[in-house]
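Both complexes shown next keep subunit A, but they swap its partner, so subunit B is in the first and subunit C is in the second.
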Partner chain A sequence: MTGAQIAFFVLAVVAVASALGVILFRNAVYSMLSLILNLLSLAFFFLTLDAMFVATIQVLIYAGAVMILFLFVVTMLSQDTSNTNGPDRLRWQAVAGVGFGVILAGGLIIALLNGSLAHDAHAAGLDTLSNAIAALGGNTQAFGWALFHNFSFPFEITSVLIVVAILGAVVLGRRLTSRN
Partner chain B sequence: MSDVAIQLIGALIKCVVVIGALLTIFAYMTLIERRVLARFQRRVGPNRAGPFGLLQPLADGMKMAFKEQIIPSKARRFVFLIAPSISVFVALSAFAVVPLGDTTAWGNSVWAHALAPYIADINVGVLYILAISSLAVYGIVLGGWSSGNHYSLLGALRSAAQMVSYEVSIALSLAGVLMFSQTLSMVGIVHAQVNYGIWFILVQPLGFLLYGIAATAEVNRAPFDLPEAEQELVAGYLTEFSGLRWSLYQMAEYINMITVSSIAATLFFGGWTLGGLSGIPGLPIVWYVVKVAIFLFIFMWLRATLPRIRYDQLMRFGWQVLLPLSVLNLLATAVVIAFGWPWWISGVFGLAVLLVGGAVYYARMRRNHPLTQPTQDEIGLLLPQSVRLVHIEAQALATNGTNGAISANGSKGDKSGASAEAVEAGARP
Partner chain C sequence: MHVLPFTYQPQGQDWLRILPELILLAAALLVLLVDLALPQRRKSALALVGVAGVVAAFVCAAIMIGAGDHQTAFAGMIFSDQTALLADLIILFSAGLGLLLSPGYIERQGITQQGEYYALLLLAALGMMVMASAANLMIVFVGLEVLSLALYVLSAFIVARNRSQEAGMKYFILSSFASGFLLYGMALTYGATGQTSLQGIQRFLGGHALATTSGFGPLLIAGLGLMAVGFCFKVSAVPFQAWTPDVYAGAPTAVTAFMSVGTKVAAFVALARVFMVALHPVQTQWTPILWAIAVLTMVGGNVLAATQRNVKRMLAYSSIANAGYILVAVVTGTQTAFAALLVYLASYAVMNIGAFGVVLALERNDGLGTTLDDFAGLGRRRRGLAAAMAVFLFSLAGIPPLVGFAGKYYVFYAAIVGGHLELAIIGVLTSVIGMFYYLRVVWAMYFVEPQPATAPASVVVAPAPEPVLAATTAGTSGGGSGGVALAEPAIATTSTATNTPAAAEPLTAQPAHVTPGAWLALALSLVLTIALGIIPGGLFDLANRAASVLFH
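The block that comes next holds the complex of A and B.
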């Protein structure tokens, strides 16, 4: 077994165990801690794939910013509300979760079998990530090249979506304060 | 030996050296800070243990190691035990990409490259530091939450809100430098400054000031040390920690200060370079250490000088002053880069914003708090009766002439006796 394979299996165990921890812990804070562990192990997966930039962004955005807001809310809850020891009132969630999980797994398998690499990258001889990184002079450069060449339209659309979300948050916040 | 093996051994040696050096510097930073603060307050400071108190950190360390580590009965045991380690782990890892010298600092052999004075020069260096230091808040929040104490929880929540608010400004204020250097690698940024022939402080004066303020808030140092405000929250998230776990938090705070100072020295002040004086082997590390030491002294200076700001002021300053200014700085830098203008336009713009901002702030301060000289009557009125000043009492009594014993010709003893009486009289009603 090569080093990369050993790293994959160790990380896979950590990732699956922490993902199970998210749904099985009774205390919301422990669930959240396992989610953070899960996100960090995903960052390590990106590292083993030579995608250092994506790994860093994964830590910066998800583990560093999003989860801290989760933590902020969860720790403010009192002991009683952050413990979910009572009967499960949302039984249908389990069924829906399994259904969506099967759909997601199917989609991932199809994407994997088809090969998800962009045609442009094939043409430029950049058909593996390591080749692209070597050709473009670094991880950050490779990411920027892909983002602003192949995916510039989705990128712009996403930024519009985020601006709309920010404006929505401002509008909702305003209305609440003026009512008070 | 293969190249990979040499690289691995080199990295291992460097990790051990860096961790050992950081822990030693932390120990002596506590002594230096206490001595410096003492000088600011016209005291002597700890000088009993060894010459100049040099053995004080050793004594403190021994005391901490043998102190009982109390675990509160309401604490969530597991999280309470690992929270301080998270803080130290994060603080130490962030230092990995800080360069103390050039790749060829020790020559050009394989071993010299493997032992280059940084642990790693990665393509995403600055982002790595930002990512790792954004995890620092977990140590504090989990420590506060797991203590099972309301003061601890309040301190932890404050620090979470504070660090999230100021992290954005840090990233945006550094982005201007990154645009000029065209790279995220820490070594690459220093090389970019050598190529330009200037330090980026000249290009980004506004960015540097914004970074300095936001970084002080990020490492929870005075005047932004609200998470451990002792007048309001006992010691914030630190309240329930004792012994070694308490000193782990202290360690994390000081190492974070060193990291933050290193970023400032590397991105804005040319890192290990100093004009043409960086070619001599060994000297670059000296320049680096001198630059970082200056920033560390400024941290202590700020702590000795500025009062802690209020929580609402902190939030308003972060979101309404710091963030818009860093976006403005980013936009101006982007325009300069996009049109290919010379670098000094960005520098002049930054200075102009600083001057205008300073003038506006001064004018508003003067409008809200006009300069007035309080009269002596006002002083008398402002003070509670029990603390009325002796000489004012004596003067007032002498001019009123109510007490016959006091006269201009009275002996010294008489006078002091009468003043004491006057103070007593003042205290009685």
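The block that comes next holds the complex of A and C.
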């Protein structure tokens, strides 16, 4: 077993356990903390995939900035847990949900284990990302080239998406303050 | 030495090919700026700015269809082919009509943030156009998110109506969940093919040796299955339809009119591009999935619609049923079917917005007044509205010579020619159920006497919210909105409890307000419903040319 494999299995256990923690903890703060752990372990995954730039950004932006904001919001809002602890009147829904979830997870595991055509794609020289990293001499350079050349249009459209999100936040937020 | 990848530089012509989208974006930003300068009572002028932008983009797209430059722009990220432009035209038409229906109506509903309302409506239309033109899975997703985020907020726009809040929240939670499925499916498809570009996926699958022998690995199957779930949620196909009636009934009616059409156009064109074109080489793999969903949707949508007494909810279920007919075209998967899909979307846009426009004119400030009982005797009280509604309903039912017949005829024709006779038969049979619930409204309008209000409780309660609402519109703070929010459940319970046409009396007391803009919108969709039904040749021609480019 190589070092990379050991790292993968350790990280996989941490990632799955922390993801379960996000949805299973009754306390919202604990959920947030395990989400941070989950995002951190994803950053390590990116590292093992030689995507150093994405790993750094993952830590800086998600685990750092965004999640801290989340944590602030959760701790500042009053923790009213009365609704989450009430009797669940739709128990059959939970049972059916778990059943379908298991089926979906099983299907995905079979799909992922049975390999893919991706190495064919890699062999056919379609894996432009590895080529780019080699040709441009680094992760960050390759990312920047991709973002501002072939992927400039998705990049621009994402800015429209953010405008929409800000507008929505303004609409819903201003209404909250005028109601109280 | 490797060749340097990622060297694409956007050219001037790339920007020219997305000119309609750029015009719409400029209009949305302009609305936000003009909003700052206008006093509160002049805000309806914002709709004019929006309509001007939509008309400019519409003319631009129409000219581009004529120019016939079917290229992709930005390194194969976005199409500007005839399919994209035709979808743009339909989306812009519905956005323009949504804008025309809004002034007056949104003031009656106590919406004060009009700048944001119009800007979000325009940006939602922009997202729809981007999604319908997408040539890359990434753009499909970003376009979808732009339109969805804008629609979540628009659905929840009526502060004083709890059902509007509920609609926004429900749509947000369920739709984000579906987006997750779609994204996961796209990721697996990328894993299986090494491509996110639609043309790249088609080329890779078409040129792959396995395509003819054993089919593709489970990774691709899982990917396209998850994508099918995501898309079917967005087009509200059964069994992913549960959100549709609540959201369509709770959202402001002008928004419902626009989104019931626009979302369908965007999601179905993207679905058709992904499944009918990009995944065409593996058609045998996805046909059974979508076949089952199409049958479930046609049967489920029509049967559930037949049980509704609220016309707004009935139209929501009818939009589910219509999604089933369009899925028939997707399952058929031929070039003719693609053209039929475009024709159906155009015909659905024209007649459905009109029907919602009439509902909007009859809806009262508290969101009631849209049940069958409220439509009783409409033929005598409001001749114009009733006649228009009758035409739209006849068209939705698929009665010739209206445009709904042209759409249905072409879809079923394509299904029979394409070897899916069984789907055409199910489609025709379920359309008969459709006739029942559409014509029941016509029956109510012309042959049922409106019953006088009997329940005294509702007479006491019903007038109460209107002065409060008016006060909210005038710009009072907190107390007013809280009062309405508290008052609303009470109204809802009385009218459901009495279950009699309590609305008949308030309806006469508060006649339907139809602004000039709304009249224009109704007239436009009425003229097109009849004109495109009698002479559908131009539309068929356009759709056929668009499809032939994709299936050359």
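Observations
Rule of thumb we're sticking to: the second predicted complex is superposed on the first by the 111 of 180 C-alpha atoms of A that agree within 3 Å, B and C clash if a C-alpha of one lies under 4 Å from a C-alpha of the other, contacts with A are read in each partner's own complex, and residues count from 1 in each chain.
We adopt the following convention: contacts are C-beta pairs under 8 Å (C-beta built on N, C-alpha and C of every residue); 3 or more make two chains touch, one makes a residue touch a chain.
For clarity, every value in this text was computed on a predicted model and none was experimentally measured.
The larger set of touched subunit A residues comes from C, when the choice is between subunit B and subunit C.
In the superposition on chain A, A:V171 makes contact with subunit C only, while subunit B stays out of contact range. When the two structures are aligned on the shared chain, A:A63 is found in touch with subunit B, with no touch to subunit C.
Shared-chain residue A:T158: touches subunit C; no touch with subunit B. Interface of subunit A with subunit C (complex): residues 107-108, 110-112, 114-118, 120-122, 124, 126-128, 131-132, 134-136, 142, 145-146, 149-154, 157-158, 160-161, 163-165, 167-168, 170-172, 174-175, 178-180. Interface residues of subunit C facing subunit A in the complex, by the touch rule stated above, are 1-10, 14, 25, 32, 73-75, 77-78, 113, 116, 119-120, 123-124, 126-127, 130, 136, 138-139, 142-143, 145-146, 149-150, 152-153, 156-157, 159, 188, 191-195, 200, 204, 208, 210, 216-222, 225, 477-478, 481-482. Listing the residues of subunit A that touch subunit B in their complex gives 29, 33, 36, 52-53, 56-57, 59-60, 63-65, 68-69, 71-72, 75-76, 138-140. On the subunit B side of its complex with subunit A, the touching residues are 76, 79, 122-124, 127-128, 130-132, 134-135, 137-138, 141-142, 144-145, 153, 156-157, 160-161, 163-164, 167, 183-184.
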